[in-house]
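Note that subunit A is present in both complexes that follow, paired respectively with subunit B and with subunit C.
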Partner chain A sequence: MSTQTETEIPLRQRVAENPQPALVWAAIGAVLVGVELGAILQVVVAIGGVIVNLVPGDPGAALVTSLQESLKGIPTLVSREFIPNQGYWNGSEWVGTFLGLSPGQAWAVRFVVVYAYAFAVLGWLWDGYKRYRQYYRRADWTPRDDVVNRFRGHTWGQFGLVITIAFVVMAVFAPALGPTTMEQNILQPYDYEINYFDEESQTVETALVGEANIGSGSQGAGDENVAPMTYDDYGRFHPFGTATNGKDLFTQVVFGARISLTIATVAMGIAGIIGLSLAMITAYYKGLADLAIVLASDSIQALPVIMVLILMLVIFQNTWVRDLYDGAVLIILIFSLVYWPFIWRSIRGPAFQVSEQDWIDAAKSFGQTPGQVMRKHMAPYVFSYMLIYASLSLGGIIISVAGLSYLGLGITAPTPEWGRLIADGQQYVASPSWHISLIPGVLITLVVTGLNAFGDGIRDAIDPQADTGDEAAATGGGA
Partner chain B sequence: MSTTSTEESKMTRETQETLLEVDDLKTYYEDGGLLNSNPVKAVDGVSFEITRGETLGLVGESGCGKSTLGRTLMRLEEATAGEVKLNGTDITTLSGADLKQFRNDVQMVFQDPDSSLNERMTVGEIIREPLDVHDWKTPDERRARVRELLETVGLQEEHYYRYPHQFSGGQRQRIGIARALALEPEFIILDEPVSALDVSVQAKILNLLEDLQNEFGLTYLFIAHDLAVVRHICDRVAVMYLGNIMEIGPADEMFESPANPYTHALLSSIPEPDPTVARDRITLRGTPPSPRDPPAGCPFSTRCPVKIRPDQYTDLDDDVWERIEVFREVLRERSRAELSLSDRVRKLIGRETVQAGMDDTLTELFGGLSVPVSVMDHLKEAADYAENGDEDAARAYLREEFGSVCDSERPDQLGVGDRGRLSLCHRHDEQYDEPAAVFETLVQ
Partner chain C sequence: MSRWQYFLRRVLMSIPVVIFGTTITFALIRLGPLDPVSAILGTQYNPQAAEQIRTNLGLNQPLWSQYFDFMYRLFTFQLGQSWVIAPGTTAYELIQVYAPRTIWLGFWSVLIALFVGIPLGFYAGLNPNTLSDYVASFGGIVWRAMPNFWLAIMLVTALSQTGQWTNGFFTWQTWIVKTNVVTPPALGFFQDPIQGFLADPGGWFNSFLKATKQIAPAALVLGSASMGNEMRIGRTAVLETINSNYVETARAKGVSGRSLVWKHIFRNALIPLVPIITGEAFLLLGGSVFVETVFAINGLGWLFFNAAINGDLPLIGTLMYIFILILVGTNILQDFLYTVIDPRVGYEG
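Our next item is the complex of A and B:
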């Protein structure tokens, strides 16, 4: 009888019986959330503001505004306000920076804190999974455990994962990572003033950001160049140097990561949903349904992707669709329409394979509905293959978006995009201002390599038989 | 459950009503060919009945259509023609709520326990799924039911949260059986449920199946190719060949004295454990014909060792007669072979195809034998037709000359004995010798 009740206990009760691991985990979580509470609440209120905006008559708009104001008072760990780096030298010390450090040092501290916080949160989630697995899960083994364990032994895949996380963190924490803000440095430089120490007069002067930018562009010549990890004439620190127009390159790179990642993941997500649904339908119904989708996908695959993108972007040049999210929405739509056949093709085989399994017949034999058969008995087996393909294709989309922006299409200025940065700096590659093209270029290479490595890792973790290396030979010889 | 109740149920079985009635069931596979729509006749006119509480064994060599028959009864394949009546309702045309009710009453246990359980689901979820689909009572009661089923099939309640990977083949098959039992069906189709298991485990699963049958009054259709297993568990046996039931009847009687020539051959293939017993093994020549193009007469006529001969050839030498049958089979194979494109062109412009050279075939077959001149003339005539690329004419000619009722007429299922045994063979007709008698003469 004891076993009979044991299987009945809901998760809450299982936690109550052995609360310590869960409590420790929850306490760490509370600390991690607590230091970012202000930011989290601000996001919530911002979403509330959007909803209020949509409701006719804007009820409670004042309340939202007052809430937003009061929230600004809550200190958050990972923020510009808590670790400021924009200050000036008054002749004897740095004013307005974190602990009186130099702007460069203060920025470095914030950079490290951002990444430390992000990895701490991920580590906490991983720890939560392990605690659940060890203390609370009813099954002592699941097939997914093997996948996780295999991935833990896959160094190349882990390298990919780290790069991918670094890239995602860059996109998510873009406002906190930049040495200056998007608004101040790039979008409205003539609406903001900065203080700086004038060497000649030995006094603190004031200048518009726009004027300062003009004076600190990287144009190739020795005196018209702000190299990476240096200060410009206005006492501003530039981790990646400046662009040709004097705007901070690092700020542009992190915000560029945001838009690249958004386009790539959303487009891949939509393409994935379409591809997976169609793969389920073709594999379940076969025959005519399959033929129709083969024809549709072949027609789309016959089109040269980049060509279609350029044509569509030109056709929609002056329409409202082109303006949504600086053109990203249109690019996302085109990519998802063009990419689903590739995803569908790559998972059609595995889908057909799983549709031949006896458990599909078994499910049909006791009257399971087609939708449930696809969802419960087919999709889980195919989903992992899709994940592999998607992670490998993300890099392709990032490169394509960069390519479009490089050609002057794609994301509209002034929203930063890696491809456009490369194009801007192209003529200075062989000059002291080499950093404008090189840094975004290296980053694209690194991110795409990382995503590919991650995809390899997932593939080997999911399907150890697919190993092409010596591992397979070793197991084959042993068995 | 004691043995007396088993006896009782066996006694009452005789008088009890028919659960399943299959009438001239046909399942053809159209393979979507646009040009030639010559379907595979997997099940080609099968009729039988199953009474409530009995176990009917369905045996036959692989590819004979026994699994297709099971899947058609389960509505996993659509029947091309014929009726399947379960408790008097034809199930081949059910849809909607009626079909769902049918899915509640009939369940299936699959052959391969590795492939029949979804590896990503826990054992509990697997067994619960039929209950969820049919909205059986409350979720709590479903969980309780699953635990009860786990015990019923000899597993433990803690196995609820394990995955199929963590079990042996025999245990997995128990899980499959528990899933089939979940909805308390009347009728279970067992599609070779033990053929993928170790012999030691087979016996345990068979005993479990028998116990369950006695406990819940189940009716089984037991599909198998292992005759010993069938003999052990079945009340009645149906022998299938090329989509037809060749013989059906009580298991003990059929194993003692098979009536149909095919059953004869099949039973003689059971290995005899005692090496001192002399055995007359009947080895069938050739392979079963293609189910796309079954013989016009008796399905077994192309391989039957005791085929009826035309009157004028009854005294012909056995070896010569056998070679004639082989020659006919060669022609049958030739007519089935697809001509290559170049062969077609050659045929059109009147040149010899690669396939020609029937003279060699004749010499090879009849070289060492003394063939009567009249017979040889007929054979040469047929060979000429074939040489000219008209195999069909050659076959028709030989059928005319050497064919008998076996080639031209499909036999009826004729009664044998007094316990309802039926056998598909012309020899049960009074004007011919019984197959068993002819086998006696062959063995000498």
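Our next item is the complex of A and C:
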């Protein structure tokens, strides 16, 4: 497909000949984008703002801020502003919530809308692929179709996919999913005020969020506990209850999902790039290059991963790298340095196989540079093997990060992290405040199970005979 | 190339690996931003003491000479001493005190994982696609996905509450022998096992039981990941061997069911399990940090963790070296087992 021949009609023309399926698809897409336009533009502007920030002198800072302000006016479907749940009881009705529903119901509505929207978008993308395959693709069949079809027959893998998507949606829509915001409830609780209905005086009072938090912590017995799916004394709804310091657990959990998934995917991505490049180099040049990498990777693999992580986090504890994103950047770097040998190992064999193929010789004799040969003729072949290994290792990274945070070494406050939440509630597991430790642990188990199932599905779909996928990789070095 | 030549080559290859791995450790400790001297002195920093430690540790020497000194000492097993968590105590003494608990923990977690994981996996493989297969497989996958530290916390709580939950019908703490849930195992009876056993067999057996019961929950947690792995691999291996031609042949010539399972399926299905079992060394070392922290077992993982957070860099270097030796040793053991179990090894290059 990549080679352009004389007879090939460009995609644009193929669409023009039979526009109806494409138009229907585009129309649905327009609606889906339209209802979220404000949020999408905000993300774009925020990314623009980061880039502008990098330019010395901040020439466009004012512009970015004014743009962000004006964008807040655009109504978006999946947002706290459109379906607000933070209101108060004034004695006869709820004020400030969506349609006057109780905060819990309003939150539930938003939760459902978020997931419905996310799955609608994914369904739309899938529908687009099917339309392309049916109406516009030149080839009736490509090898990738078999992969897709095999995955469609893999129930276990699909189960994993659904779980994985659920957690990715949680991470992406974290700000809209929480019953309250990070800013208000966790980062600056003393900068915000809330209204609440005071039972004794039967009037609406105001309180700082920080004070309200102190009054609604979960520390075991009776009064000092806000259980999952209940309201605290200040009329705030907590889907997962509160943490020991009274901050909303659900908000922390969804932002914890964000950081866990970010670390896992970015670290795996970097490790994958290193592993893939080295696999290309060793398979192309062989000999000494291979020996050197074998030695380096064997040595790194001989180090106990968790111990190295602990050691490096301690060594870098007072440096600026440690403070970037509350330690996430450093953790990502360490994981990529420690994991690339495993990835390289898993694709070294296939890379060697492909380097012996005739088409590589042909490409060389055509005068293509080594870089071109590796990129165009070798890498695509081994990429799927890397995907298998990487998808099976993601769960292990999530567990390791949680474990390190549990020990107090990983992600530091204020960024919420599942492992730290577990440590927070450790001593209350046997008390009414069992939710603090239990829920994050169950979620980790769930997401890791989902990722492993998804990885199994990918493996069976890409290569039913594959023997790759180190079992130990999926378990996070014992954390 | 014969199997033994192949094995010998693997052993020789591991020497540069140990050297390189130790070098990485040295680089981290000495070139990293953490100054060992201020880490040792902590808040009581004063220039004279710092200078004193610098001289004692040889930090005034040029880097290359420090490096060769570091490597030479480790490779001749002059393991140095702790500077922060137990000042003046040699690493030997520390390891002698802490290692037995970790070995005891590791021993039981390997054993529990083996004797639960493999039979379950083989059972699931021999009865594929039945309800019990699904229950066992799914259970194994979820069991494996649970973070060890979290599982440990949950288990500690559950065991501590058994008395209340069952109204005193079953209380873990008083079951068979009286123990606490969160406690290091009492391994005193190992000091002189034969003498102790001959002198007082009942008492010796009692303390053995006690130490085993103390370690059992931690071992169950630490073995959880391996158990799940062994189950999965065991199941696949049995499924593959069952459908292989030689099993078909054996069945056709009338080999009895029992002999078929044990001689033809079981033995061959063990081969892919070898790397899983030896790979446990990684999980056990890494997991020991978490499990020992939760269960308050002061073993090697706990020692390493405390040495690390207190900045006891000299001790960390030594421990790292020991861990590398253990891991490389396990890899060699794995290749040795391969050469013994699987005659095909070595012929493929």
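We take it that the second predicted complex is superposed on the first by the 442 of 479 C-alpha atoms of A that agree within 3 Å, B and C clash if a C-alpha of one lies under 4 Å from a C-alpha of the other, contacts with A are read in each partner's own complex, and residues count from 1 in each chain.
Here, contacts are C-beta pairs under 8 Å (C-beta built on N, C-alpha and C of every residue); 3 or more make two chains touch, one makes a residue touch a chain.
These numbers come from a predicted model, not from an experiment.
> Give one of first, second, both or neither to describe whether A:T142 is in contact with subunit B, with subunit C, with both, or with none.
Touch status of A:T142: first partner only.
> A:G287 in the overlay: touching subunit B, subunit C, both, or neither? Say first, second, both or neither.
first
> May I ask you to decide whether A:K364 touches subunit B, subunit C, both, or neither, giving the answer as first, second, both or neither?
first
> Could you tell me if A:N318 is touching subunit B, subunit C, both of them or neither one (first, second, both, neither)?
The answer is second: A:N318 touches subunit C but not subunit B.
> Determine, for the superposed model, which of the two partners subunit B and subunit C contacts more residues of subunit A.
It is C that touches the greater number of subunit A residues.
> Once the structures are superposed on A, label A:Y381 by its partner contacts, choosing first (subunit B), second (subunit C), both or neither.
First partner only, subunit B.
> Need the overlap of the two footprints on subunit A, from subunit B and from subunit C, as residue ranges.
Subunit A residues touching both partners: none found.
> Write out the stretch or stretches of subunit B touching subunit A in their complex.
By the definition above, subunit B touches subunit A via 32, 71, 74, 76, 99-100, 103-104, 107-108, 110-112, 115-122, 124, 129-130, 133-134, 143, 147, 156-158, 160-163, 165-166, 176, 179, 182-183.
> Across the complex, what residues on subunit A touch subunit B?
3-4, 6-8, 138-143, 287, 357-359, 361-369, 372, 376-377, 380-381
> Name, in rising order, each residue of subunit A that touches subunit C in their complex.
295-296, 298-300, 302-308, 310-312, 314-319, 395, 399, 402-403, 406-409, 419, 422, 426, 429-430, 437-438, 440-441, 444-446, 448-449, 452-453, 470-472, 474-479
> List the residues on subunit C that touch subunit A in their complex, please.
Interface residues on subunit C, with respect to subunit A: 13-14, 16-18, 20-21, 23-25, 28-29, 32-34, 141-142, 144-151, 153-154, 157, 160-161, 222, 225, 228-229, 232-233, 276, 279, 282-290, 293, 304-305, 308-309, 311, 316, 319-320, 323-324, 327-328, 331.
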